[in-house]
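Each structure below appears as structure tokens.
Two complexes come next, and they have one chain in common, chain A, joined by chain B in the first and chain C in the second.
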Partner chain A sequence: MSDSAISTRIGEPVRRKEDLHFLTGKGVFSDDVSLPRQAYAVIARSPHAHARIRGIKTAATLAVPGVVMVLSGDDLRADGLKPIAHMPTSTHHAETALVNSDGSEIFTAPRYALAIDKVRNVGEAVAMIIADSVAAAKDGAEALEVDYEILPSVTATVAAAEPDAPRVWDEARSNVCMDAQVGDPEATETAFASAAHVVKLETWAQRVTGVTMEPRAAVCEFDAATQRYTLYTASGGAVRLKEDVAHVLGIASKAVRVVMEDMGGNFGTRGEVYPEFILVAWAARRAGRPVKWTCERSEAFVSDYQGRDLAVTAELALDAQGNFLAMRGSNIGNAGSHTVSFAPLKKGLGIMSSIYRVPAAHFRARSVVSNTMSTRPYRSAGRPEVIYVMERLIDLAARKGNFDRAEIRRRNLLSEAELPYTNQFHMTYDNGAYHKVMEEALTLANWQGFERRRIDARKRGKRRGIGVANYVDTSTGAPRERAEIIVHPEGKIDVVIGVTENGQGHETSFAQLITEWLGVPADDVRLIDGDTDIVKVGGGAHGGRGMRMASLVIWNASKQIIEKGTRIAARMLECDPSSIRFDSARFIVEGTQRTVGLFEVAAAAGQLKDLPDDLHGSLSACSEEIHHVASFPYGTHVCEVEVDPELGIVDIVGYTAVDDVGRAINPLLIHGQVHGGIAQGAGQALLEQCHYESETGQLLSGSLMDYALPRADNFPFFKTGISEVPSTTHPLGIRPAGESGTTPALGVVVNAVVDAVAEFGVRHIEMPMTPERVWRAINGKQPPSSVSTSR
Partner chain B sequence: MPVVSMTVNGNSVSGEVEGRTLLVQFLREHLRLTGTHVGCDTSQCGCCTVHIDGKGMKSCSVLALACNGSSITTIEGVAVDGKLHPMQQAFHEHHGLQCGFCTPGMIMSALDMVRRKGNDLDEHTVREQLEGNLCRCTGYHNIVKAIQAGAAAMKGDATPATQHD
Partner chain C sequence: MYDFEYHRPANVEDALKLIGERGEAKLLAGGMSLLPSLKMRLARYSDLVDLGGIAELNGIRRDGNALVIGAMTPHAVVAASPEVNSTIPALASLANGIGDPLVRNRGTIGGSIANSDPAADYPAGVVGLGATIITNQREIEADEFFLGLFDTALAPREIITAVRFPIPRKAVYLKLRQQASRFAVVGVFVARMGNGARVAVTGAGPSVFRVKDAEAALARKFDASVVKGLQIKQDNLSSDIHASAEYRAHCTSVMIGRAVTAVS
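Presenting the complex of A and B:
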């Protein structure tokens, strides 16, 4: 198993250290943690999309053998629990905050861990039943009598924005809680007036959900002696979760300890506090014993934060040669029942024009509340939606103006000389070789040879299509991060950091940084990221911040280790510190054979009596940084599909990606991230949708029997290439890779399918491009209104 | 409550269970063998796949009592004396796992695939045969590569597909 014989430095495809325990069944996921005397919680959830709670009768529940307690919104209010501290408007320095164009305040909805007076989406938590077993708690939940007065509901995005739509919050003026504008309307109008070609797209990047393979779970114990809560669970960030739980309970954050071990997927879905995490803590205190809750999959479909859901009307204006002149339109994001996050709407809007030269633009951006589960960032929040819109507009323009699809992109793609470039949405891109990467992707995909493949497919009765999409991604996220490095004399190094591991392989890739800078093999590095009694500061894993932030603080702390170690080594070697250089874990006196090892120095730090205070004790160093600038990953994907024109079935037969990561720390892991990202994006393009029934607000895609998650036979092997143009906004040049696969995948898959069936007069197909939708498009048959999926 | 007895990873075990207790619950909650995972409630995800008398099965769809007298192998029983099975080694070598939650089920299904389809597995076969196992991290790319490589490595390897059949 040992990789110590091979290099574990930056750039090496090091096999993961974390694999061994997963491969042998020794992973510790949330539901694998159990505590002595624990009780089990089951959540009673709203069966209605919108209803007033007239009353809750608990007698029958309490009579069920094994049930120990029922907690409802009234209990929550009596105990003074506060609303959850979601921060929907929080904005990174590199982004532009959206404000209401009429100057009014943005509406944010208070969200309690249990519904107080009304329920506003199917699945909203209404009561918690605590029992000696899960089965008893379930029996108790079934016996609970909740008297609901059903209210009119609205789930669809455009419908929710209508003035006469059923009102989700009486406290708000309408369901539109944010209504902002960006850009220059006059310049845009002028450009459109002079355009030779204008194309328009009305579309909906549909609601999907993360479906992390591990359903959420949490167990909490309360220690009456110390008045401390210990919460075992998994989340996108341990420190933020600790603070969020403490806030709702109205206690100091040091009274909460969060312990996270392994996490079976995040993708943003698990990046924020959930009501159940608070409820188990509250219940543990009330019940006087640990309380555990484990989510079931069908429960996850109604209660996990959902993603995407952006309704767009967009137009692109071009001159006769195919130069882009301007774009305009309107984006409506569906926040769901509570305003958990406006980030997808804002982040998408910021890169609406992607990496193309668009001299004028004007967009309206609205966020609406609706009777659906709340949304928050899901793998590449907001960007896949708008890249999809832009790349569709370009293909529509190419068909309308008879431009070659690759050529029109080359014509409008920003050149290196134009970078850094501030787009019309106030985002400033760093640098990149956009043209070079696009050509590499086209070559890797054999774009030139496609027409022969199209003819071959036709002979087999198939229609083959190809699509290309460029993209840019914005990497921002929580700007504060901290790392502590401790060198142990016995030959091990600890790295304590607030970036959380959710499957990315940080135990390996962060250790590679230590190999590079301190010369210690990755196997001798231990990562500590999930216990808030040890990790005090740090922003978790989201927004492509993991390696970008971690590398900064690990780099700075490594330099301090070398600096401190040099001074100690100088004492040991009896020389001046300036004559010492550090190489491969050894301090060497220049021009001599005299050396001392890093771990010997660490031992000396604890033993030497006459060291200055800052050197005595353990050889350790801390770095805390606030990094306010964004990086912009970018790249080009090419997708090739075959469509069965009789059945409308789409097969992805080729998928090529070239993504710029600035500097590849571990290419093996980067390729893996891109593969998974492509599958999530292509899954949205072809298969997935959270389908709410418009009359009742019921979620019809409520299990893995109904929600079409991609399976192994939905894909071919992917061809992935890595480009490394160091980012000028990061000291080490790093751009994130985790969202690259997903960002262009929606657009490129739709472009390929539309290309395949364009001969039937098809100019666009909405996602998910199910066989029925493709067949209807080919045959010019609109869906009957009863089955149309309203956006 | 009735008592169920079975052999799990070579060890004789027994315990009192309710009639409704599933095999996966018996393994996870009674025996604390938490490597077998529960990822859904509709027998779709395959995270709970184990071997029952040598055959791959989803342990969420079998009652514990129905396994009385059976021999069960879980992910914890695949490596012997700390040495990874060639299929486990292939998942490591080909980066066939990210978050690791689907991994035990994937490996148990892969071993069953080799038992049924042999050591020379083409891409199409592997993808078709993975119908019952879901992964959200890898796009299946490296899982398919790992299973092909693992199956090939098992050819001539003395380690049987399941240790305790």
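Presenting the complex of A and C:
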């Protein structure tokens, strides 16, 4: 066993192997791929939120020097392209499926890669211009004449659900495409009737977007000889993308090869097929040459999937001692123009009561379509929204009933003895030490010493506040995953897997599993995850499934490698396999000094003549698993803020997180995940919003000049602690860590700010808590008549 | 970006000749506003005349009781200048707070004031100090220079060559930043001059403006108490997704008080 092998085992804070590659500019992102003879595509997009396309004239565009071709919805229809196979209602085994309470069918909107007859959001793709250069394609796009008949539009969530709202889809009965109920209305009514305290919150977890550092790009070539398409791009999962593209083109999925190298951010908003990926494939065949498209930042703001956008009315009932009795309410999720995903609405609803004991509950959940870009899961789909609601309700209850905010949480937090626990929304939490983690976080944040810091801040003219939030996260995602491990005699190991690397550090953390189980240092492990000619099966990166699924199949495949290797080693060492043990990359005959190394065994597999068929050739193993069980990361965050009471400016001055990951593979990467997650959650709490103007449906926050993204100087140094209570629903005890930072951040930041300004009579502040919003709250002023801020 | 002809003259005369000859020519200073608008195809010019090659437009010098800053002097140079820091540190700090390091290395004082962006920082310093804008044709007082949103007193073939700042007794620039762009939602420049006080505000309205009520009160007694609760009229202030006119008016009042305290 080499020293380096020891240092890269499970639990070690191994530095990212991939960083040298990125920091020296060797990353290969989508736009870095160019092909000989490629043409360039520019997308002509709708300037209107809702309009009928009366006609498209292409003559002027085709007359622009360098323009090769224009493709519109009519061409798409003529070529028989199908709608994109979004699966909005797909539900994991562990989740509650939502159905319309009147028994009717859920409406799902057909989405074509180019608009057919109508456009339904600003930025919807109307035509594709292909030219010899980007500049020529842009000239062509400007020359395109589209005759629009502008129709009334609706963007706001609650407004879209109104019966008289402008209709987004004539094919649907209304904009409400799903209307479900969960829970027991009678028991809930009874509990509310007997309550000593009832608190109510009407709020909106506003629309935000992912703003990945790398904008999307794609280039595709079509080989007429083999009739195959090769698509170079980046997405949340290569295998699913291959199938989605093949479906729309109406071809066998083996006719599409997707190649993904590095990806500069996913966060879910890049987790699914996009029209442009299909369009470059279609166009490559039509044009007879490769076609490349690169998204620009302002284009990304209108055409990337967006996230959140949940309007909630919720009530919590308590008895006189502060015990939770019941909760009820209504959630409306804004799906945008097309029903790409109902997952945020569904996944949020399932954990509405978080990890608290709530004996009765009843909620209505609706999804509405609107004239906005479609939404889909964005880092911790649906859960940050509902955890925010629950933690706000608790603070409101503490205020109303004069309960201590930590104490009321302790009183209602599920104890270890109550686990596993099935909540009123039919979700069953595994295990955990909820109380212990909360106490650890409070201690780490010096909750007890806060009042002194509050007094100190006041002397400086500031108002200091502190907030605490507990959370649970539901990790499900695509249940099928596969890994292949190949041991090369030269001393290297390849791991082929369908979990996609988007920046999480899988090259390092997955390699640590190999170090742990096969004794090979991480530097000698290569990860292959982005080429569908090699990776045939696998679910990609989403829903906290990466390490959870990868560890299962890598573990199983590693065991097979040892088992096969043992049998080969027995031949080489001339002993019985049962007398061999495997340790640190060596097969050892028990009680002797006779050993043979893993890589020597791999060489022998190719050389020994008399091996049985299953051992002869390369030393490799495959594992494919379907794992239908959910995992439940949980934890506690504490946030401390200072507010300038005259101007309303909020500074986060302290942030503490303790997150249970079950078993930490690489604590360094986990801390990094949590840091980034906190920034995304706090960004929503304080800064970010996709502002749609309600009259016109125009996106007013269409660039980084108007969409406020958090920056490093918005934050203090975080204190992050890791708890490791192995999950009972995962064979290796692992809980995901990728979404933990975000899930409680919205609620805990709002709780802290409201605490800071509570002395002014402030009960609640909506997100994002801009300086003006905070100032208005302090001074009891109504919101300004700015139309785009309504829910 | 549409095609254009690029020119880099070596002196002001050649630059003037170029913009005189060419139909849709535009002067290019640091390009920090012009280039993004070209890249997004929001503007189109037949010719760009880059002033970056004209040595006489660059540099900082002391001229009696004034500081003269060449029009093409980058913000980073102003921010780091010992001359500026020893005479008008508020101006150095204003320059050091513009944009990010990339912008400060490229952007210039002349380009900034010629553009007259409603949220730019330099107009507050120029008006707040009562500076004089020197062009190839004449000298323009700061109060006469900024006419409105992206509008100045500059004639079509007029090039700013330098800005002359009188040296105040003490001055300060405070900025409340818009959270996305980090431009000023409200930027307040307060200068205590030998003969009174000047108060200039950027960001809050379509163009920089002076707050004469505050100046008059401070002329009588330079103390934060005299501007406490100062009412700023909302009528001409901006409202957008980042801040309403009402909030901008409130912040202007509060920040004038803080600025006065800082220079008292």
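Operating definition for what follows: the second predicted complex is superposed on the first by the 780 of 791 C-alpha atoms of A that agree within 3 Å, B and C clash if a C-alpha of one lies under 4 Å from a C-alpha of the other, contacts with A are read in each partner's own complex, and residues count from 1 in each chain.
The rule we apply is simple: a residue touches a chain if its C-beta (ideal position, glycine included) is under 8 Å from a C-beta of that chain, and two chains touch if they have at least 3 such contacts.
Owing to the predicted nature of the structure, the values given are computational and were not obtained by experimental measurement.
By the touch criterion stated above, A:M213 is placed in contact with chain B alone, chain C being left untouched. More residues of chain A lie in contact with B than with the other chain of the pair chain B and chain C. After overlaying the two complexes on the shared chain, residue contacts for A:E772 are found with chain C alone; chain B is out of touch. Judged by the touch definition given at the top, the superposed model places A:M705 against both chain B and chain C.
Contacts of A:G140 after superposition on the shared chain: neither chain B nor chain C is touched. After overlaying the two complexes on the shared chain, residue contacts for A:S298 are found with chain B and with chain C alike. Applying the stated contact rule after C-alpha superposition, one finds that A:F718 touches chain B and leaves chain C untouched.
Legend: residue contacts after superposition of the two complexes on their common chain; A:H691 is shown touching chain C, with no touch to chain B.
Once chain A of one complex is fitted onto chain A of the other, the partner contacts of A:P645 are absent, as it touches neither chain B nor chain C. Judged by the document's definition of touching, chain A residues 135, 298, 704-705, 709 lie at the interface with chain B and also at the interface with chain C. Of all residues in chain B, those touching chain A in their complex are 18, 20, 28, 33-42, 44-45, 47, 74-76, 78-79, 84, 88, 91-93, 95, 97-104, 107, 123, 126-128, 130-131, 133-145. Those residues of chain C that touch chain A in the complex are listed here as 1, 40-41, 176, 178-181, 183, 239, 241-244, 246-247, 250-251, 254-255.
The touching residues of chain A, counted against chain C in their complex, run 135, 138, 142, 298, 646-647, 649, 686-687, 691, 700-701, 704-709, 770-772, 775-776, 781, 784, 786, 788-789.
Those residues of chain A that touch chain B in the shared complex are 1, 15-16, 18-20, 22-29, 31-32, 135, 210-215, 262-265, 267, 296-298, 502-505, 668-669, 671-673, 675-680, 703-705, 709-713, 715, 717-718, 741.
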